[in-house]
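In what comes next, chain A is part of two complexes: it sits with chain B in the first one and with chain C in the second one.
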Partner chain A sequence: MKRRDFLTKSMGVTAAMALPFSATAVSSENSWDREYDLIIVGSGFAGLAAAYSANKAGLKNILILEKMETWGGNSAICGGIACMPNTSLQKKHGIEDSAELMIKDMVKAGRGFNHPELCKTLATEAHTVYDMLIGCGVEFMDKIIRLGGHSAPRAHIPANASGGGIVVPMHKYLVNKGVQFQNRTQVTSLLRDKNNAITGVAVQEKFDFETEEFKAEQTYKSRHGVVVATGGWGQDKKFVKTTMPIYAHLEATAHPGATAGMIKSLLAVGSLPIMLDMYQLGPWASPDEKGAGPASFFADYSFSEGIAIDPMTGKRFMNELADRRTRAEAQLVVLEKGSEEKPNYPFTFCSEATTKRAEGFKGAYRDGAVNKSNSVAELAKHHGVDEAVLSQSIADWNEIVEGKPDPFNKPLDRRTELKPPFYSLRLSPKLHYCMGGVAITPNAEVIDATTCEPIKGLFAAGEVAGGTHGMDRLGGCSSVDGLVFGQIAGRTAANYKANA
Partner chain B sequence: MKRRDFLTKSMGVTAAMALPFSATAVSSENSWDREYDLIIVGSGFAGLAAAYSANKAGLKNILILEKMETWGGNSAICGGIACMPNTSLQKKHGIEDSAELMIKDMVKAGRGFNHPELCKTLATEAHTVYDMLIGCGVEFMDKIIRLGGHSAPRAHIPANASGGGIVVPMHKYLVNKGVQFQNRTQVTSLLRDKNNAITGVAVQEKFDFETEEFKAEQTYKSRHGVVVATGGWGQDKKFVKTTMPIYAHLEATAHPGATAGMIKSLLAVGSLPIMLDMYQLGPWASPDEKGAGPASFFADYSFSEGIAIDPMTGKRFMNELADRRTRAEAQLVVLEKGSEEKPNYPFTFCSEATTKRAEGFKGAYRDGAVNKSNSVAELAKHHGVDEAVLSQSIADWNEIVEGKPDPFNKPLDRRTELKPPFYSLRLSPKLHYCMGGVAITPNAEVIDATTCEPIKGLFAAGEVAGGTHGMDRLGGCSSVDGLVFGQIAGRTAANYKANA
Partner chain C sequence: MKTSFAVAVIATLLSCSALAAKPTIKQHHIDALGDDMNCRTCHTTKGAFERPSDQACIDCHGGMHDIPTQPNRFDKNPHNSHHYEDLLECMVCHSEHQPSKDICSDCHKVEFNNLK
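Right, the complex of A and B next:
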């Protein structure tokens, strides 16, 4: 393994306060292994959008680095639903909506922690993302649906109902434009010049199948700064534990590459981190499947028409359609009553009629996450609940279905009697999204913790940046976040002149 | 101004990821201007308690650095009330309480964001703080009261009802023990050795009255690491704006020295910051006095027996006794309806009977923050409210006083009819406490963002550390926080051996 050829140097400093930062590793001007106009780290929505706009703005030699084997990270495996007001498709369907209305929805979900300018930027520029995607050859279903917490139908669904329906055409479009993609390459640190401007990255290329050796660490120069678009760190147990100890034991829905390497590299160059302790939990997650699979789709229908029960009491314990944070926290309280020897998984169940409508039911039932019970007795036995109390809970619910007020005030769009056979699913919230990250300006510039001003040459977009959504976010908003701020980051980087 | 005599040096590194951090300024072994066993930065509750326990543990040459002219920071100007379960005084008064009960209260107020081990440490060790204070000559009133949000009376009040009643005797005690105090000295950075252990501080001593010159920057070595106990940064507008933009315009209750210098220095050596965006707002604050003066005491009584009104609607807009966050947020909504030309300050008012009981009333009335109105018409005119609507709001409230249910569910311990003359106070929430800070272990060791393990030789206690209280804290808990973790930090530092 060859030595790095950039050295730490002694240097003059002006402000005493800044000394420990200013005197960090600087990249030698003559030592680059490779040079690019722009390096983008991460190949999900944010990284792809950054390449798109940087290319549009005239940059030629653009490189997207991806540490995994495959492209797209979580963007490729998510549902790809994007909530965008004021698109031509939304107008075609005659839907009344506005950026202002979306901002209101986002701030409500974010409990007021949203950084207003970021939130406004997302809602205002979302429609330009739609045009970009259409231009890249992405196809959407010819309908707009309404997701929970949104005041208007504004969810656009890729034709194949998957984030891959965005990642694949964008990748193809960008390759045609000459954007270079390099996978299995991990950025190990961000490099700075003596003015503290980010000038490139140190990378560790992975095992070389030709020589059968690990490649040496290398340095890549990026003339227009570096765009970091590396997503969240839900799979980094230690970082989650340190920032939010009570979530340390939770499984995450993210792909295995979602670790904290780049947020740490961003901190190491002095970025200001915000909301590192705020994580979104998925309340539709099951301990009986990996990540968020078909069972999580089934859960949404069971929540809507069935009920959820605390095994220890045999009773309902939440409004099954409350917002994600409220429901996940209620489930954690139920779970905490259990022990390792005698766990107390809350569960949701519904009647057969509901399963006919429920996406994900077939897969979840086939995989064994959903269980069928032919009677209350069977259901009670399967989940370790007192049968008499469970019977009463079902009877109580059926009275609500018939019109009695619900003490939990769940909105009932469809009234379905609960009767055997029952289909049930155990619940356990999973980490779904890192709300926090580095603070950025509306131009996607990363903010320095010491100066509270942008760090020269450092841009961030998507889940690795914090603040846009505040404490919790609505569905269909992370894709738009990555695409909007990715687009902006590419544009800002293209306009950025090093040493200016 | 003489040059610093420590230099940045080139050095080997083991992990590529860690390079930008590892290669920061190192302190030369031979260049110290002064040497101490232990340096503590900040002379408030946390700093004093750290000196106390370090001295008890046998350290001799202890220095407390204070950047201001006077000792104690916010600790000296606060009410000094300390909520501590299981003290001998609490037992003497026959009060049933427990650490577990206090933890439950704290987690409720903290919205579950509390780091459990820190919260547990505070509640469990609080009673040892009481013994320490008594040992230092602090006198408490012979009564225990119950503050809002606490499930039991556990608030201990210094005999003079001020934090000065703790700071002054502790300072005297420590001086007698040989602890050195140095004021007007600002720490400009934390210094590290080549193993990244904190070994001392660079300081800027202030203007020298003898030579009439500014002193040169100096370096002080600390053999047992450095304890940072510098409090919050509510007066640092730029840092507040960057971390929580919507609070940027709010005044703060903190003393003028409460800036972000040391949190930035902590970040500069790689500390992991959490909850930087979480600030506690005081809902009892008035725009018509500086900080939190007598008007804020009066407000508590007016909230309890009177009501609060939104001038634009003429109606009540909150449960006047809800928790601090809920009330402050409700007031911000009211304020946001106004404009610079036509502000819309919510106001609270009560009858004369209430003012007889209200601490702070005389001072606030004398200073002009509280206004007297002899009729509803006068009150309406003074606050720019429609008189008819205000009359109705008063009539509605008087029905609640007589037993009608309150739509806001305010608990009514005392029923006092609202009738002229009225005494009113304009409201505007102020930043009161920085919930966030660096992440620490229960041993008060500061956690490194990259390794998620303790940084060698770096300890933090009090408001500059985050996590103990979660998103919001109860009254009477910040003093205990500083004292408990200060005590622990001093102990941990005494046991810490550099280069071990």
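Right, the complex of A and C next:
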């Protein structure tokens, strides 16, 4: 479009009709502005892991393109929690787990819609990710926690409780290995040769995300095909509204650059889309902070050791450690009982002992998302609940802590009595993850919609690829998804030879 | 709106012409450098004007580790943040010809009284 403006303005309309840049453009071998062994689009978990394995496989001239000024997309702003069975750290903590158990959990959360081979690949290769990260200098906390829907504690947390704790060491490791990083460069289309193999990309250089201005349009050749690792599109209001209208009003947790440009480019070259209308809602999200910040991190602990209450009834309404879809849907039912004037936000709360363990608590409390109540009466007043019923709900929960069966069947790894002071957080689901994407093979090859066979030279990994998690994914599985399939994409690309 | 290359070129030409208002320089730079400060102090590329590279800032100020953020109410430390450590370019937050804008506030509550 911009190219068209340029051509129209500078050369007149006739020239503009012979557009070199369109989604289906056939690239001429001689017209490249630059050439690389491998181009990877996106600098998050998937892109970094692809560069890691491509470099290990011996590729030299590797370029990672990033359209934003900042590096790492959602991967840098995320919690960095990674659920990996069978790591040395998990074994050290004496936790019994297996890839098979994780697959079972993922399929349950995904409502059986998971692509079995992808799901299996993620679970069985997850432990290799741990080794890769340690090799890149990533540090993890010396503990393993359990997230909702997981039947074993298998969540590893970076030492600084942020995805940055993974992205930054990997980025620096790769720079040391000679991998080139170029930001403010937006890939606008995938270019292919006359045999329909992907051979490079068209880019806008010095791209400014805010103004959408750029300095130049160029074409880059990539000898080993192109790895697309551009993540989700949660902030693309129009694309979300068009694919899933009822979620259009929800706040999204994603970074501003999570827009749909690249999924559109993938579709334009004939990639097979799957589940593009499926989105995950985050059940730990709060109306009292932006996106998913410290309060969401805190919520995971409050869910695990405390309880969640429907203000209207004063009672628990869900297994606080169920999978995300189950919890988000239960919360939406609670929310729907309220009105704009009198909202009915469900809330979760826990005892002080729990807050001592919870990453995110300090920030969330300081910033006002988490509230302290010194008595049941105060807690009831703060959330507009009947004090007597709330008291009863707390007493009921404390009996479960003592060993009585829980009607909601929540797994209890740590038994903590609920007693004042309480720390509480209001809940309201936010749009968190794009379940859908392009279809890939277990080798991270993108599948062609017309043939259901791989498109030559096109690889995708991470959130932009669909299927692994089915209808909904478990917490701490997206980081691992990007890292596992990123590694695979880099390897597959290294083995791929154009024109072979 | 997206702007084409041609439009951008015209805009650049205009902004460099004598008619266009001279871009403002921040007081702390004027205080420190006075007449020694000119466009090329920061825009170090030969030929066409480019957005300054990090190096132009670092040559005078040192890297992020040399410039710790002052203690603040929300315990934020953008020069050594959990998300980016020292990976980002200075220009992501700092501007010379317009107010600087911390990217922390895209997601967090922050307060930097000394953001230059």
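In the analysis below, the second predicted complex is superposed on the first by the 337 of 500 C-alpha atoms of A that agree within 3 Å, B and C clash if a C-alpha of one lies under 4 Å from a C-alpha of the other, contacts with A are read in each partner's own complex, and residues count from 1 in each chain.
Basically, contacts are C-beta pairs under 8 Å (C-beta built on N, C-alpha and C of every residue); 3 or more make two chains touch, one makes a residue touch a chain.
All of these numbers come straight from a predicted model, not from anything done at the bench.
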item	value
Chain B versus chain C as contact partner of A:E217, first or second or both or neither	both
First (chain B), second (chain C), both or neither touched by A:G163	second
First (chain B), second (chain C), both or neither touched by A:A76	second
First (chain B), second (chain C), both or neither touched by A:K238	first
Touching partner for A:G261 - first (chain B), second (chain C), both, neither	first
If touched residues of chain A are counted for chain B and for chain C, the larger one	B
First (chain B), second (chain C), both or neither touched by A:I274	first
Which superposed partner A:N195 touches (first chain B, second chain C, both, neither)	neither
Chain B/chain C common contact set on chain A	9-10, 217
Of chain A, residues touching chain C in the complex	1-3, 5-6, 9-10, 69-72, 76-77, 160-165, 167-168, 171-172, 183, 206, 211-217, 255-256, 290-291, 293, 362-363, 366-368
Interface residues, chain B side, partner chain A - complex	4, 7-11, 16-21, 23-25, 112-113, 115-117, 188-192, 202, 204, 217, 238-239, 241-246, 261, 264-265, 267-270, 272-277, 329, 439, 447, 449-450, 452, 467
Footprint of chain A on chain C - complex, ascending	1-8, 51, 74-75, 81-85, 87-89, 91-92, 103, 106-109
